Amino acid sequence: MKPALTRMLLASAASLLFIAAPALADKIRIGSPYQTSTLDPMRSAAAGSIETFGQLYSRLLRIDEAGQLAPGLAETWEVSEDGKIITLTLRDAKFSNGEPITAEDVVFSLLRVRDTPDSAYPAPIQTLDTAEAVDASTVKLTLKHAFAPFLGNLEVFNAGIVSKADVEARGEAAFVENVVTSGPYMVEAWIPNDRLIIAPNPNYWRTGFPKNEGAELIEIPAATTRVSMLLSGELDVVRDVPWSQVAEVTANPGYAMPMEPSTVVYVGLLNHARPPFDNIAVRQAAAMALDTAAIAQAVTFGAAKPANSTIPNTLKYYDPDLKVNGFDPAAAKAMIDSSGYDGSELTILVSESAESEQQAVLMQALWAQIGLKAKIEKADAGTFWSRLTSGDYDATPTWYYNETTDPDLAVRWALCGACGNNAYYTFYANPEVDKLVEQGAAELDETKRAAIYAEMQRITTTEVSQIPIYYPPFANAYSTALHGLGMTPALQWTLEGATLDK
Amino acid sequence: MHYLTFIGRRLLHIVPVLIGISLVSFLLVMLVPGDPVRLVLGPRATDDAVAAMREAWGLDRSLLSQYLTYVGNVVQGNLGDSLKYRLPVWDLIAQYLPRTAFLIGYVLAMTVPVTVLLAVTAARREGDWPDQVIRLLSVLGMTIPVFWLAVIFARLFGIQLGWFPVSGYGEGFLGHLHHLFLPAVSTSLWLAPVLTRNLRGALVQQMDADYVAACRAKGLPERLIFRRHILPNSVLPTLNLLGVMIAFLIGGSVVVEIVYAVPGLGALMIGAVLGRDYFVIQGLTLVYALVTVLVTLVIDLLTAAIDPRTVG
Amino acid sequence: MSVISIRNLSVTFPGDAGPVQAVKDVSFDLEEGEILGIVGESGSGKSVTCRAMLGLLPRRATLGGRILHHGQDLTQPAAMQAARGRDIAMIFQNPASHLDPLMTIGDQVAEPLIFHFGMSRAEARAEALKLLDAVQIRDAAGRMSAYPHQLSGGMKQRVLIATALACRPKLLLADEPTTALDVTVQAEILALLKTLNRERNLTMALVSHDLGVIAEICHRVIVMRQGEIVESGRLRDLVHAPKHDYTRLLITSQPGRLPQMTDQRPDSAPLIELRDLSLHFPGKGDKVVRAVDGVSLSVRQGECLAIVGESGSGKSTVARAVIGLNAPTGGDILYEGRSVVGLKGEALTAFRRKVQMVFQSPFDSLNPRMSIQRTIAEPLWRHGLATKAEAMDRALELMDMVELPRSLAGRRPGMLSGGQCQRVGIARALALSPRVLIADEVTSALDVTIQAQILKLLTRLRKEQDLTVIYISHDLTVVRKFCDRVAVFRTGQLVESGTTAEVYADPKAAYTRDLIAAAPDLDQALAGVT
Amino acid sequence: MTETSAINLPARDRPRLKKGTIELAIGVLIVGAWILAAAGAGIVAPADPNALDLAAVLAPPGPAHLMGTDNLGRDILSRVIHGARIDIWMGFIGVLAPLCIGVLVGLVSGYYGGMTDTILMRLVDITVAFPFFILVIAIVGLLGPGLANYFVALGLVAWVAYARLVRAEVLVVKRLEFVQAAKALGFPDRAILFRHVLPNVLGSITIYAWTDAVMVILAGASLGFLGLGAQPPTAEWGVMISDGQPYIVQAWWICFFPGLAMVTLSLGFILISDGLSRRLRVSQ
């Protein structure tokens, strides 16, 4: 009796030990510091969620491998002569639950982003006046006025198409369990604060895609841990390898770091609303004191390119020849001395990221050389954003990126004083620039647009709306067993075309 | 009978503590600067969107009314929804509680035998070289920052030697053991010295106790005296410290959770604190407090079971 | 035939200022069936000698000489391990700390039986029950599963004796076995030891500081001082013809041999009156501890009143109530006819200047971190009676008064002897020139020779300062010599009171008679034992 | 402490061995050396701890920089020496603030008992129920990073240990006769508490405080790791270690030397604590 009992106990213990693991072996494991905080494309405009939305929800248009606008859910589209009416014809596509994707769904998705009060980022389709389902597969979008970047904006992460029927039926729950998706993948499991596991969507409209078994998007806040995991074979892809570890990773033949161009720009924001940076001479001196080449070298070990303009260098109409307020400490010192700056200490606000902290330290040291005294105040993200938005700072090194290669969203965010965000909370407000922003958006002629944006860059860089620091590439590391995976400037993984060697 | 009254009294004792805790955890979060909404919606969110969400979540109401709603919900077993994930807080906690519990269990399973072995060895050879070596090692163990050790371990055992995974929770019991090995060792290396010092001290003190002399006078051999008399009497203070340490680990495991990418309650808490996810912070502090209170209760009951004097 | 022979035993401890020799070249024999008394003051090496016989010295002690037992030298660990517990057993002064608090007493008594005789647990417990019966523990069967903290002090000592007797040893070492116990319990334990000696032919060595106790049961006595044997022989011979000065001093310091120090003043007016005084405290659960219960008593101006009783009699509680340290729960306390219960602020401060107290423990009653001069001076300046500097000067005068050399002024209590500390305590109490001095067991922790000095000092001060003294004590022999009137307490109640002469000559209450009978007294013992 | 009646020698003759003297001496030596280095940092340190030298980043230890330089070309040796100021200060204030609060609460609670005691101890229960580290993280995370807020957090949380310790000791000491004597002599409560009770409970508190200082420094370092530590460019060891982590392969010296400094200082603290406790014969 006794031995039998023992055997039974042992057997049940053994079965406990070897509970079959879900077959995750073939998934591409992507480690990123950024979190998926919601599966509803309208709900967040934060990194992490942005990447996720792209994999779950198809947009009307997509950016192809060459970076050009290509058909997405919309097979064809027509723009009216005055640029105000866009008519799109949908292809025969289905949601992951097998229901067809109709013009109704498109109209619902776009208006939801535009009209919901707490929609995170309605800006890209703000110019949309009406959207109308002409028939099941035809959508007619009417703009308030001609708006050049609109087509590009239809590719932005939150313009993904969701199921009207499902969302109306289930409300927020539609984005928690059994999420209906229109993109290449659907949700296999979501463990908030840990990882999102996605599996191919069998109903995805692009035949032959995705070319892999899905992916695990794993959230790993500690940078050294991400690298350790990569090197020990626990990850296939790492987003944001610390610059200091780039050499170590690339020295290993099993990994590649292509340093894809990004639309990220690091800028030193200055608070124009209070002394001393309300004084243009002080701002110019501050800009000229910063040896951006040395900063880029010290912080990124030369991976990033020193910045010369207030907008990212990968955007259309970026002006590579702009050269104002270049590094000149002697001139900067002279300007400070004659500027009337009273010598009072200013505050460099910095959020807790190693990169920003180093920039702050360098900023502080370089400014000290021209007699601009500063102290650094580190703040966690919550405090950082409330202090930034309320203008409770003098300077802060930070960054932004642009969702599209069109500069419209970038200048509205970073340079425009009348577009709702006080020019990235610098409280820089130049009516001329504001006017140029609207002109640039409405102008359909390429050369004229180029001239408008060049002018805008010249004015803002000269007036130092903010100090451009450097343009970093994406420091992503890929296992050489992976093929075809990369990141677009708009923070989207080209995941659907990637394959993983066994 | 006595024992039951004792338990009853201890349980009753918890009520005012819990009320205090709910109030403190609420105020802690509410009175402090930082805006959760901006973090949830992302930097590009418009001010209108931020205001709309604040209203939707009742964050614009008076503190008292928010507290009453909160307590009302908690009493019904509802910890509220996460601002960030829009999921019930309890679901989030339930997801991570087993991980942290497993990690702590693992740490204890690793630490306690080692502690007893080292402390007994040191105490029995008090002043001799094994004692000196153990004391030196335990002092060193206490002074090395856990995260530093963790980074080195990940490098050495994970990457160089490839013996253990440097991240994750693994699948199945053995998988958990395998994946959590490095986090557990890193924690143990700090915990074992603390406990060893305490137990050794108690043993050394008890070895001088009068009843030990009485046992010797009875002619009992040292080994027997040690096992039957000195050890049980010495274990009590260490048991108490162990309780404190378990409570500490529930939150203190956050460092290894982050270094080894095993998100548990600690990582959830850090995320919630930095993201100002009010209801998650409140829910977690309540759960933490509850667990702490329960651990203390268990330790008290164990103490009472060992020491007849506690029950009276 | 000797059971044990000590030859040239010396014990050395390492100390701050070089090694300290606690026992120097001590030799003696213990004959089968005899009870040997080892007497001496604290620090005389008597306990160390006793512990050395069982190998119970701390590891840092170094041992010289030989301890021979049946041809084996017990200074060798193997021989010692074979002998102890089986042939030689020991009981200790503080029974409470010598029992493992986490083990039932049944198991503790059974333990040596299991180990030495290989008995099963059940057998051993059965035997243990017999042993507990043999040491006269009531309801022994019920007590088997009790824990030490549930027993009284006397009970614990009986348990220790039972444990010691478990393996039927030939020699029992008893290290101050009754010092921590009440007199009546002490008498019972001594009687028990005597019975065991007679019935089991058990050889014993009894270590004690109290010649009275030794005299009760010992056949032969060794007097030790500063680690050496100064004299030994039959007790009667020793008492009648002491050869050594120290022995002489020891004998003359015996309370029974002290001069009469009373100062009868029968007609003086009452200074303090207790009226139906009660102090009840909440106990475990719903029980109420009636520490003092309906006591009425008066203390007359200038007299010395003794409050006598055993532990738990409420004698100290009464004293603490008088001085306002414990609030009465019923009744009243009058000082010069006015109630002093519930006094606050100035009135309380003023009253406290009038009534002062000296405490039992010489070391614990002084702040170990304060020099004795400061300690004595503190009441003066705290009460605003002098500046700090004046108070410090006055402290020196007070030291003269209690016969403390001024050279000690800067020392802390830890560097003083017990007797000196007690003098500091008295000086501090007298600093405020009180009218009443409450002395709570002030000599119970002191050696007899020192006790005699302190009593002499108190007698002198009493006359000089015209003090009224309340003397709390368990020692009836001292009280008889020192106090004018006596009040006997038992479990919170006043049993009997009257002039000392009357009460001793003709005790009314049975309890008083028991107390008087139980008090060990050298001369009575000698007369009785012969 | 259990009552020991081991051998009836008077207290002063009881063989009080100078146990722990060696530990104490080494501990004092180490801590003393660090304090000296910290006090004279301006003289001892070869360079300005915050001076950047972008021409000499990640220089390995050598004659020019004995402990090498970090990624911004700052001299590690100078940063370690100046860091001693921060970390010793951190240990000092981080212990002193909770100690003062805790001692006060413990004294009052233990001495007066009754309702005061009940209320204060309930407060202690509530504070204890929050896991220490979590509460510190919460407070620092919510108030913002930096040493000042760390101290606030410690002050709010860590006093509990002292309060309990002191209360337990006071309960013993207040029964001692010299305290009773002080009461009987009509001394004011304040005098009794601070002149008679406090000096006699300080021993075990001191012993605990030294070990606590190590906890404070280590927990502070962990906060640095979590991004909640000292403000840049302050040379604080924990922050230096955590900032140096990514360079552990490329430039091991960046986090090794501050780590070594932290271990030695902590070692000094613990040795002092050990030495004291062995001398005063108090168990930890």
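To keep things simple, chains are lettered A, B, C and D as they appear, and every chain counts its residues starting from 1.
In the analysis below, contacts are C-beta pairs under 8 Å (C-beta built on N, C-alpha and C of every residue); 3 or more make two chains touch, one makes a residue touch a chain.
Fair warning: this is a prediction, and the values are worked out from it, not measured in the lab.
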item: Selected interface, C-D versus B-C, where C-beta contact pairs are more numerous; value: C-D
item: Length of the line joining the C-alpha centres of chain B and chain C, rounded to whole Å; value: 49
item: Averaged-CA centre spacing for the pair chain D and chain C, given as whole angstrom; value: 44
item: Distance between chain centroids, defined by C-alpha means - chain B, chain D (Å); value: 21
item: Distance between chain centroids, defined by C-alpha means - chain A, chain B (Å); value: 37
item: Shared interface positions of chain D, touching two or more other chains; value: 2-6, 141-142, 144, 245, 248-249
item: Sites on chain B at which at least two other chains make contact; value: 33-34, 151, 155, 208-210, 213, 258, 273-274, 276
item: Where chain A touches two or more other chains, by residue; value: 224, 380, 382-383
item: Contact graph of the chains (line, ring, star, complete, other); value: other
item: In contact (per the touch rule at the top): chain pairs; value: A-B, A-D, B-C, B-D, C-D
item: Chain D-facing residues of chain B, complex; value: 13, 16-17, 20-21, 24-25, 28-29, 32-34, 135, 139-140, 142-148, 151-152, 155, 197-198, 201-202, 204-205, 208-210, 213, 237, 247-248, 250-252, 254-255, 258, 266, 269-270, 273-274, 276, 281, 284-285, 288-289, 292-293, 296
item: Residue ranges of chain C touching chain D (in the complex, touch as defined); value: 13-16, 20, 22, 42-43, 46-48, 51, 58, 60, 92-94, 96-97, 176, 320, 323-325, 348-349, 352-353, 356-357, 359-361, 363-370, 378-379, 382-383, 414-418, 425, 428, 432
item: Residue ranges of chain D touching chain C (in the complex, touch as defined); value: 2-13, 15-18, 176-178, 180-188, 191, 195-196, 199-200
item: Chain A to chain B touching residues, read off their complex; value: 16-19, 21-22, 35, 37-38, 43-46, 49, 117-123, 172, 175-176, 191-194, 218-222, 224-226, 228-229, 231-232, 234, 380-383, 385-386, 389, 400, 413, 420-421
item: For the chain C and chain B complex, residues of the former touching the latter; value: 51, 54-56, 58, 81, 83-86, 89-90, 92, 94, 97-103, 111-112, 115-116, 147, 149-150, 160, 163-164, 166-167, 284
